[in-house]
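Listed after this line are the structures, all set down as structure tokens.
Two complexes come next, and they have one chain in common, chain A, joined by chain B in the first and chain C in the second.
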Partner chain A sequence: MKQALDLAVSSLLLGGFYAAMAYGLGLIYGVLRVVNLTHGGVIMAGAYLTWVLFTELGIDPYMSIPIILVVFFFFGVAMYWGLVRFLPRGAAGGVQSLLLLFGLWLLMRNVAYLLFKGDTRSIQTSYATKSVNLLGTSVPVTRIAVFLIAVVVLIALHFLLTHTFTGKAIRAVAQNPDSCTLAGIDVERIYMLAFGMGTALAGLGGLFVATIFAFNPETGAVELLKSFVVVVLGGLGSVLGIAAGALVLAVAESFSILFMPSFLTAAVGFVLLVVVLVFRPGGLFGEKVLR
Partner chain B sequence: MKALTERLPPWLPSRVVIIFLVGFAIVFALPFFLPIPETLHGLMAQAFIFMSAALAWNWLGGYVGQVSFGHAAMFGVGGFVSARLLLAGAPLIMAWLAGGVVAAIYGLLWGHPTLRLRGPYFAIATIGVGEATRLVMTFWTSFTGGSTGVSLPIQGGSQYQMYWLTLELLAGVVAASYVLRKSPLGLSFLAIKEDVEAAGDVGVNASSYQDLVLFLSGLVMGLCGALYASYFAFINPGDMFGFDRSIGFVLMGAVGGIGTILGPVLGAAVLVIIQETLIASFPDLYLGLYGLLLVLIILFEPLGLSGLILRAARLGGYRPSASVAAGGLSSSAAKGRSPGAGPGRVLKEPPT
Partner chain C sequence: MDTGNRRTVFLLAFLAALLVAAACAPTEEQGQSAGDAEIPDEVLIGATLPLTGEEADVGGYFKEGYELAFEQINDAGGLQLGDQKVPVKLQLLDDTTNQQTAANLGQKLVDDGASALLGTYSTDLVQAQSTVAEQNQIPYVNGGGAATAIYQRGYEWIFGALAPIQSLAISQMKWIDIHQDKGQLPKPAEIAVIWENTSHGEDYLAGIQKFAEQSGGDYKVVMDESFELDTKDYSAILGKVEAEDVDFFMADAHLPDFLTMHRQYIARGLCHDIRTYGARGSEQDAIEVIGQENVTYILSAVWWNDLLVENQPKVNEDFIRLFKQKYGRVPEWYGALSYDTARALFTAMENAGSVDPEAVREALASLEMESVVPFGTLSFPEETGYQADYAFLVQQNTPSGSSPIIYPNELATGPGIPKNPNC
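Right, the complex of A and B next:
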């Protein structure tokens, strides 16, 4: 019972992190119909930028959130403007964008190798090893911080997408870009904005990774896979769907250690992905079908 | 000669058969006439393995349009099954074939459910397949030897023989590629690639055809893995199942030219050369170089190196038939109704 409670708390915290990490991927796919394979690379880059800001300039990881968001927003905008806008979108162009963004990811990984070498790094803040007692379980403070920030960001995003003009335009473009052109929405600008926002969120995911895990240039593949699992589980309907998908993945992963060896945990997400894609392609909650 | 021509199916001109046989004979006899240095001889055997693997990847990625980021799973399974059988005393050929068959069955095992997905969905699912396989295999030490790997009981002199063995495999795979591309079966694959639902409407059973392609692809992958393991007389799971290994197959296909026959062969050759020349001086650089190459190719020449050659041939006055131009990444027919085919520049003009 005690162990179940421990696992429940840790999976809730993990779920918040997964949701924030996955939202960028979901946003870009929802609006542009492009699976952003550089998502993993941006997460890796975000982790390294956080690390550089901390070790070189002494900026606390949580204080560098605005810097990360701004830097990666413009990185995403540049990526869209320089590369992605030339690609055909949708099911037919999927392979092209997939390969191009994949090539970009390889390039980013290599740059990271050249700049930082292959060794694993982590951020050692004064509070990195501190933990507090939560419902009888000892929980690291960084995990709680990540969870709270993730919740705040997701609520802010939800507000942005439902209550502002730009947000509504983004959702409209996701539904039907052609009608948006008729309604006077600059679809290209919305695409650029969505790509920038998605990339900024991936960068934030990288910051989270840097504060709670160790990382190296290889970081990103697993994160990409998990983000994708979350997006598929939750469907693209809403922030709530993503959060629920993230929670399902986190719970499945955390509780799997009760009945299988821990190295198989990483395979849980994949099995979940295949099962859901094959049996419930619209996501667990039967929301709008992604494709 | 005349009788032979009449017996060949219409999609197989006798010209192709002759070019194929002559080419095979020349490469087969090459080491007898030219003093090829030992290292180059071995490198060519490696290149033949990867050319076969790249072609097999291309059957799935190029012919039916299902890009796989997890083909190392089959490559590794083939390698380890053959290694275990060799250690148990099985004859070489038996061990290799068993490696191929087990790899193919393993491919079907994960492929049958996942191949119902299309495009990016399938691609990402295969990342999962590859990673899950790597994890399980790395920790399954009684089978794979864990991170220390397994040494194979291969005699010293047989490495030299691998040149001809791998060449025979490559010849078989090239022939199979041609059949899978040009025969009526190949047209069914093209239909699946262009539009699964429309293919189903005209009676092409996408599910079983895709299973068939994955089975064949897995068979060749397993054989390649087995030959690779025997060539080095040593394998470890990190090398055989690594994500970089899977990426390598994607890169060979995409850089050479997806959907073509010449492309993956060229792509594999270029990758092996780049790897050999860069690995000594800049061991970390070659994947990034390939990434850059991939970005440039998708932007400017989606058919890769073979597209460049086609372009050069056009300048020389060669007019390819429509079926040649119909290779490549995306279908022209589907482009018009893709949901977000917005104002972006269309990269590849439709075949005329």
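Right, the complex of A and C next:
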């Protein structure tokens, strides 16, 4: 019972982390129909920027959230204007965008090697190894912080998409960009905004990675794969679905240790992915459009 | 057949015979006498290391050891092959911590004319790359693969300078056993073994299990869980460890996984009488990434420690001095073992008096070299599949930041603290 409770708490916190990593990927796919393979690279870059801000300027990782969001929003905007807007979208542009964005990820990784070498880094704050007792389980405070911020981001994102004009425009463009053009919505601007927001959220995911794990320039590959699984489980383009998908993945991975060797944990998510794609191609909480 | 046709046929036959003869004839290089061919103007030795990727940190340490050994031998005029001094060149490539790349680059180095190969780092890469050396029948000496599986394949060209991981686990258990007998540790003791899902990890688990089975019930492995390399989240595994309420936490992990796992171990508030990550724990990286206070009392067992110089100055004194001169800091075991790996190959070539692969292989098989390793002699016994087998140095991190050798007693430089006082 104690172990089940422990695993339940771990799952919840891990789910929050997975969701925070996947929001950006889901948002960009939902609006632009582009699978953003630089997502992993941006997560890695977010981790390094957080580390630089902490080690060079002494800024606490959680205090640097606004900086990370702003920097990566503009990085995303620049990436959109410089590269992504020239790509065909949807199924027609699949190969080109995959190759371009994958190439960009490799470039980012190599720049990180040049700047930081391959050394493993981590952020050692005064609270990095502190824990609190939650339902009889010791839980690292960084995990709780990440979970709470992930919930706040989910609420904010949901509010933005459902209660603001820009959010409604984003959802409208996600549903039918041609009609939006006829209705006077600047579709290119919305695309740029969505790409910037998605990249900023990936950068935030990187900040979370830096506060919980050790990282190096290779970081991002596992995170991208997990994000992809979460987005597919939740239903491509559904923000609330992403949160639910993240929780499902975290629960499946965490509880699998009761039934199988833990080295197979990573495979659990992919088995789940295949099953969902076969039986519910729209995802467990599938919505074809962002809502 | 008329005369013209017959002449044409003879002409073609003659040309064909000429071509066949030309193809079969020795080339100028091949035609040289064996002695000439075996002593080139410069000896090329190939190596790959994980200079990027997951094991880039360790790859960098290995590179330092290799380069120091090459610099040292060339400063002395080169390899003594017969009555000639021949400079030796290292061609070092980055295998990006990737098995396939390590194997492909190994083949490229052979194709480029390397007389022998120095191995890469980590068991899985060495395992893949050493097959290339075996196929090409070229000596392959490595200081980066310790799993016995590498040496139990019946290969004749692979030589390993790292003693087996099973011995590492057994060395740790022997030290623990001394203190259990003194009543300083619980008896019987329950152990959780967390091991990476590689032959390296399997060896570690096997070593502890073997010791526990032979202990007559003094030790019980109540939990063993394996994990994939580069796992990010250990909360489920650590939760299980917590639930089992064991006395000893014994893990086997490579550096990146150790850093990630131990950070989460600390954050979870876990504490055990004995905690170890196999060979990891004393690295400077660990102190920087996790903090000095969080790595204190970690037990580790390594192939080398700079404090060894206190009780075994031979070779070590020179090595540490040269390393400090070149890199401005004290070496870790990675640098020491890679340095000695290169030296073992040089010594074998000098003993063989040539770079002829078969002669070098035989010289390696019969090598007995003064070395930096514990008790001072490096050899590659045939009965272990040409894997060196020597005592491990058990060491323990202290609050002051040092990691004295605490076992074997003859080489110990400080006392160990058997029961983690922080728990």
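Structure notes:
By our rule, the second predicted complex is superposed on the first by the 284 of 291 C-alpha atoms of A that agree within 3 Å, B and C clash if a C-alpha of one lies under 4 Å from a C-alpha of the other, contacts with A are read in each partner's own complex, and residues count from 1 in each chain.
Heads up, the rule we're going with is that a residue touches a chain if its C-beta (ideal position, glycine included) is under 8 Å from a C-beta of that chain, and two chains touch if they have at least 3 such contacts.
Fair warning: this is a prediction, and the values are worked out from it, not measured in the lab.
Aligning the two structures on chain A places chain B and chain C in clashing positions. When the shared chain is aligned, no partner comes close enough to touch A:55: not chain B, not chain C.
Within the superposed three-chain model, A:261 lies in touch with chain B and with chain C [touch as defined at top]. Legend: residue contacts after superposition of the two complexes on their common chain; A:191 is shown touching chain B, with no touch to chain C. In the superposed model, A:277 lies in contact with chain B only, and not with chain C. In the superposition on chain A, A:179 contacts neither chain B nor chain C. When both complexes are overlaid on chain A, the residue A:164 reaches neither chain B nor chain C. By the touch criterion stated above, A:103 is placed in contact with chain B alone, chain C being left untouched. When the two complexes are overlaid, the chain among chain B and chain C that reaches more residues of chain A is B. Shared contact residues on chain A (touching chain B in one structure, chain C in the other): 113, 118, 218, 222, 261, 263, 266. Touching chain C in their complex are the following residues of chain A: 2-3, 6-7, 10, 13-14, 113, 117-122, 124, 128-131, 137-143, 213-214, 216-218, 222-223, 253-257, 261-263, 265-266.
Of all the residues in chain A, the ones that touch chain B in their complex are 32-35, 83, 85-96, 98-100, 102-107, 109-111, 113-114, 118, 177, 187-188, 191, 218, 221-222, 224-225, 228, 232, 261, 263-264, 266-267, 269-271, 273-274, 277-278, 291. Listing the residues of chain B that touch chain A in their complex gives 65, 67, 110, 113-114, 116-121, 123-125, 127-129, 131-132, 135-136, 138-139, 243, 247, 250, 254, 258, 284-285, 287-295, 298-299, 302, 329-331, 334-335, 338-347.
Chain C meets chain A in the complex at residues 51-54, 56-57, 59-60, 197, 225-228, 230-233, 235-237, 239-240, 242-243, 255-256, 259-260, 263-264, 266-270, 285, 288-291, 294.
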